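Just below sit the structures, each encoded as structure tokens.
Both complexes shown next keep chain A, but they swap its partner, so chain B is in the first and chain C is in the second.
Let's look at the complex of A and B:
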């Protein structure tokens, strides 16, 4: 009875209406769940909204969350365009954090701030890129499925981090906690706006989004990636070097995830620890998908999801709702957004009548 | 007069930018073969997809045995006894024949009663002479065999009306004859068949009645006995068609392609080429005849670098190019028109410009440093479109929305514009209408007159006889014989294709 037909082009009003309606539905379902815990859903949503956009400070926290999401997702967009499913941003993010920490711990006294930060950025990107290079080479030369390799490498990265934190990099004065010492000011990314936590990483993210957009739309490399992603046989026929493209795209994707890891520890946490929010690596997959693999749209989507997470963490602190409820609200909204994305790409017919 | 089984009244269907069916009327009688004839893009397949429930008409009604029906999905079409065999087979490559036959059947429980099903398949096979091993995997079968699986699939579901979308486009003459025998057998068993084609001689051979469509409109329905092939052609294209191609005498130049003892594996890892030897000179068309699955496809792939040779050598203009990468071989002056347009030759979801530049996106002026110069790319594409008369609604429409003939023209244009020394064309006119076929053949002849060496691989013997200068016959991975066109005898070639006779002169 229900039938889907692919759209040739997506009308603008649908691009706006469908996500809006999806969010409303997600809010509705999430609200029902909230009622079960004896709290008025309206108060909760009001609190989330205020917690995300209600004051300059919380607004800045929204942007703080959006920075890593944006950096990682635009890199993912590049490889997803090629039909390469990098699930490993989590691990690449961790490796970026680890590599840059090496300089933060060892070169803070010998380097000026700008040089040190530049070194940390490069190290972060190299760390993420190297971690992405492993599954890329396995895929390019031996056709090993990247979903499995990138996913498994996440755990290896996590345990390398744990090893360093419980071992060589643990601050002897941290009373046994797995933390490094706090980074010197030299190793901290400068703030963009005082009295907030918004750091230079925001600029990195915006620049990365623009560069990725240019790569995909305007360059030969981007063209090759699209040809490979849409029809690998035709790419071979045209003589496109598929192995080279996989490796290059993954190096960029991993490098951006690594840079996100670096920005997070250097701009926000100011030390290396076990909890450095690598889950952004998974959430960024959703960002990439919701933005329709368009890196400029990813800026808006990152901001919105940043608001959702920032707002949700606010109510966790201010209202007495169980932590699980917060996750439930987040996921029901995401779920409807992803489901709604189908309708932006396909027409829906019911009994032969076009519905949307 | 037999009863009308299926009737379509006033069917209209719009697609973005085209009116694919404009108030079409069509009816099918019990036990007849009713051909739907028309050029590519005439709306034949759209109409049939509506009868099969894949599309829903914007306007119009369908009657089955006099009763109005509303067919909203292929599943409902099946329930109403309508089965369609598509031009592109709807089979799962990695599953067996049996599994494909039962795929999607409602009556199947959790456990698959393979024995029972295979007996049922055997019964159908026997009744209609559809010889097939129910346990073979689809990817192991030749195109002709896969088609048989499709037929069995529809019969298994109890179809009374069979729609066959250009079934002969992929078959050899012998396979076509066999198919026609099967079709005649089916109408004797009270099945009714809608046959879609644009090969006039076949249409005249098999049809009872013929309905002609042109540009989405109904031209008319005629009785086969009351019409001549020429009149039919005129109905179809709206003008007179050339049946013979004039060509200039061959101006043979130096040797371009030389193949020595070439061997390779097919996808299953079985040796499919067992020592191929031949050469092609500039200014000649070398036609390679053979029944599908004898190594033609693999031969073309080895030459262009898409498949590895396990023994033997390939030379282009005296340079050895065996197992070089496709790009290096293209650089040596080899261009390739692959058998599968949308799977190999084009990127369906990219637009005309992006497909047109596939060969030269990394050369100036379309390449500008690391960037693509889209203005130059669009300019170049417009040149191709104009020069080759390609019909494109808009340049930024994905090419999957173009018709088969225009897709092939786009590929041909792109490959010829590279000014190759060697052009390999595999089934270049397969599935194309009369107009596009003629266009493609003329272009190949033009290239030949320019001094290009052409390897034409085709299962259409008439096409080979029409434009080749020499014809080689491949059988089970070996060249059975090579004949000059002047001394070519279709019966002799047919026997070589069947592996019966070797040409004594050649060996």
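Let's look at the complex of A and C:
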């Protein structure tokens, strides 16, 4: 019935069409799911769209969500390109937030704003990078499965955060709530556009996306990453140091996730608390994959998924549609994308006749 | 030993078995899925789907065993998404599994909203096995449990037997080691992979359902709390062998029961640090297990995660 035949090269129109059709089908599945809960899917989607792009303010909120997604996903792209996995952006993001908070709480009086913010950025990156270094080294030297270690470290990071927030870092004046005190202005990332919450992190994200693109396309490190991703055995024979590349890619990726955590608390939340949206670490995996592991495309995709998230947060409040709809749509898109990938590698025949 | 210390030990170990059973089902399931060459990282997603379906069925019908079956089935159906993508369409198994987890968490958040914080009136009833439960020390720990726990004991033995002593097991292992050679021997690679991926889903669903029907008989968002990932780690610890799965699951169960007991006794250790212990233990276990597997040359299924394409030209 159905037969597959290997393709020599991937036609350009399929490279563009498959992600687009996957998005459409994913949205369709989301719509069907909504229908089961007795809500009109068209109303829901219209509300999501208006909640994401309908006014200058909600548009800016979409960008606010896109910032961490972009920062994290471009780092993940580096690791995924090698055919290795970092599922630990969630924990690295938390560690970045924790490390940078240390300076926000202790050095706000003694440092000028630019120095303090620079220290916080560095601390955030170091925190995330260290949290990624553990699974990276375990993978590089002992071949410990990095999918599992990065994931377990997410839970460990979350409990470290909870420990700090219910213990040493809780503001005595927060009426028992697990919050630090509000950061001094010194420790707040400057806004880019007034009357919105868009902060300097946007520039970090765009710069990171461009740097990662250059690394992958133009440097020896990037070349080695691509070779390892395509054929690790060949890479080893070619004398490429795989352990070194794993560690470097993971550490950069963790550092960017840490920076995203720092940017979120310094630019948006202005304090450390338990709910600092580390789930962006998982969504960023979808961004990386949807963008075809291209960090420039990731800018568009983060914006799109940022819109989905911002819009869905709106309808959660106004229409009582649970936020789970986001995960449902995202994962459906991903399923279609993964399944559709076969068409980029194979020609499809049905009863002997070529379809695609 | 003070008499009450003895009693507490018994209670703790019985709780260990219960808590371990939540993981034992999914670990056994994933052992078979991986043995057939399919890596399914969607256990967390399938577990939570099983947990919600089990809970809702029990909540509406009041039929605990029926609910367990429905939860199991729901996990199995969810696994078919992964099976279709990774077996028929030869997609990326790591991302597909992750996606299945995101799907499970999303779908249960979406449909579980109206059940949040609701409680089950009845949980799984205890079934005391006459005779065996009289054995000193072990009796009250192992045989004053429920049908699901007994099912898990039987499952360990049966699955071990199937895996190493039957033709089905040989074929399954052959497919995971070298699909092409197995195909040449006339084994249907696709059929076997589909079947055992489905089995893995059933077991993940069973673990999830056991969680909400027995250990935490209420519904909360994300109630599986990473147990699916722990299960995947413990598959490596178990070296793809069901009896070792029992040890891994109960180790996790023990640390879980212990930290729970400490918290309820009002210890001065911060609860966040106690709650972290099961994940920390698993983290250490996976490192040790990986080193052991390497040292003893115990094989990971060689073609784990590699799609098989038959008519390749």
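Convention: the second predicted complex is superposed on the first by the 297 of 356 C-alpha atoms of A that agree within 3 Å, B and C clash if a C-alpha of one lies under 4 Å from a C-alpha of the other, contacts with A are read in each partner's own complex, and residues count from 1 in each chain.
To be clear about the criterion, a contact is a pair of C-beta atoms (placed from the backbone, for glycine too) under 8 Å apart; a residue touches a chain by one contact, two chains touch by 3 or more.
Please read these numbers as outputs of a predicted model, since none were measured by experiment.
Colleague: Determine, under the contact definition given at the top, whether A:40 touches first (chain B), second (chain C), both, or neither.
Modeller: The answer is neither, since A:40 touches no partner chain.
Colleague: First (chain B), second (chain C), both or neither: which does A:218 touch?
Modeller: first
Colleague: Where does A:143 make contact in the superposed view: on chain B (first), on chain C (second), on both, or on neither?
Modeller: second
Colleague: Regarding the shared-chain residue A:110, is it in contact with chain B (first), chain C (second), both, or neither?
Modeller: neither
Colleague: With the two complexes superposed on chain A, say which partner A:3 touches: chain B (first), chain C (second), both, or neither.
Modeller: Touch status of A:3: both partners.
Colleague: Per the contact definition in the header, classify A:351: touching chain B only (first), chain C only (second), both, or neither.
Modeller: Touch partner of A:351: chain B, not chain C.
Colleague: Comparing chain C with chain B, which touches more residues belonging to chain A?
Modeller: Looking at chain B versus chain C, the one contacting more residues of chain A is C.
Colleague: In the overlaid three-chain picture, which partner chain does A:227 touch, first (chain B) or second (chain C), both, or neither?
Modeller: In the superposition, A:227 contacts chain B only.
Colleague: Return first, second, both or neither, reflecting whether A:237 touches chain B, chain C, both chains, or no partner chain.
Modeller: In the superposed model, A:237 contacts chain B only, not chain C.
Colleague: Could you give the residue numbers on chain A that contact chain B in one complex and chain C in the other?
Modeller: In chain A, positions 3 sit in both the chain B and chain C interfaces.
Colleague: Residues of chain C touching chain A in their complex?
Modeller: Residues 41, 81, 84-85, 89-92, 94-96, 98-100, 102-103, 105-113, 225-226, 229-230, 232-233, 236, 270-273, 275-276, 279-280, 282-283, 286-287, 290-291, 294, 309, 311-313 of chain C touch chain A in their complex.
Colleague: Quick one: which bits of chain B touch chain A in the complex? Just the residue numbers, please.
Modeller: Result: residues 16, 56, 70, 72-73, 304, 306, 325-328, 330, 336, 338, 343-350, 354, 358-359, 361-362, 367, 370-372, 374, 397-398, 401 of chain B touch chain A.
Colleague: What residues on chain A touch chain B, complex-wise?
Modeller: Result: residues 1, 3, 8, 218-221, 223, 226-227, 230-231, 233-234, 236-241, 349, 351-352 of chain A touch chain B.
Colleague: State the interface residues of chain A toward chain C in the complex, per the touch definition above.
Modeller: Those in contact with chain C are residues 3-6, 33, 36-37, 85, 87, 138, 142-145, 147-149, 151-156, 159-160, 162-163, 166-167, 282, 285-286, 289, 322-332, 334-335, 338-339, 341-342, 345.
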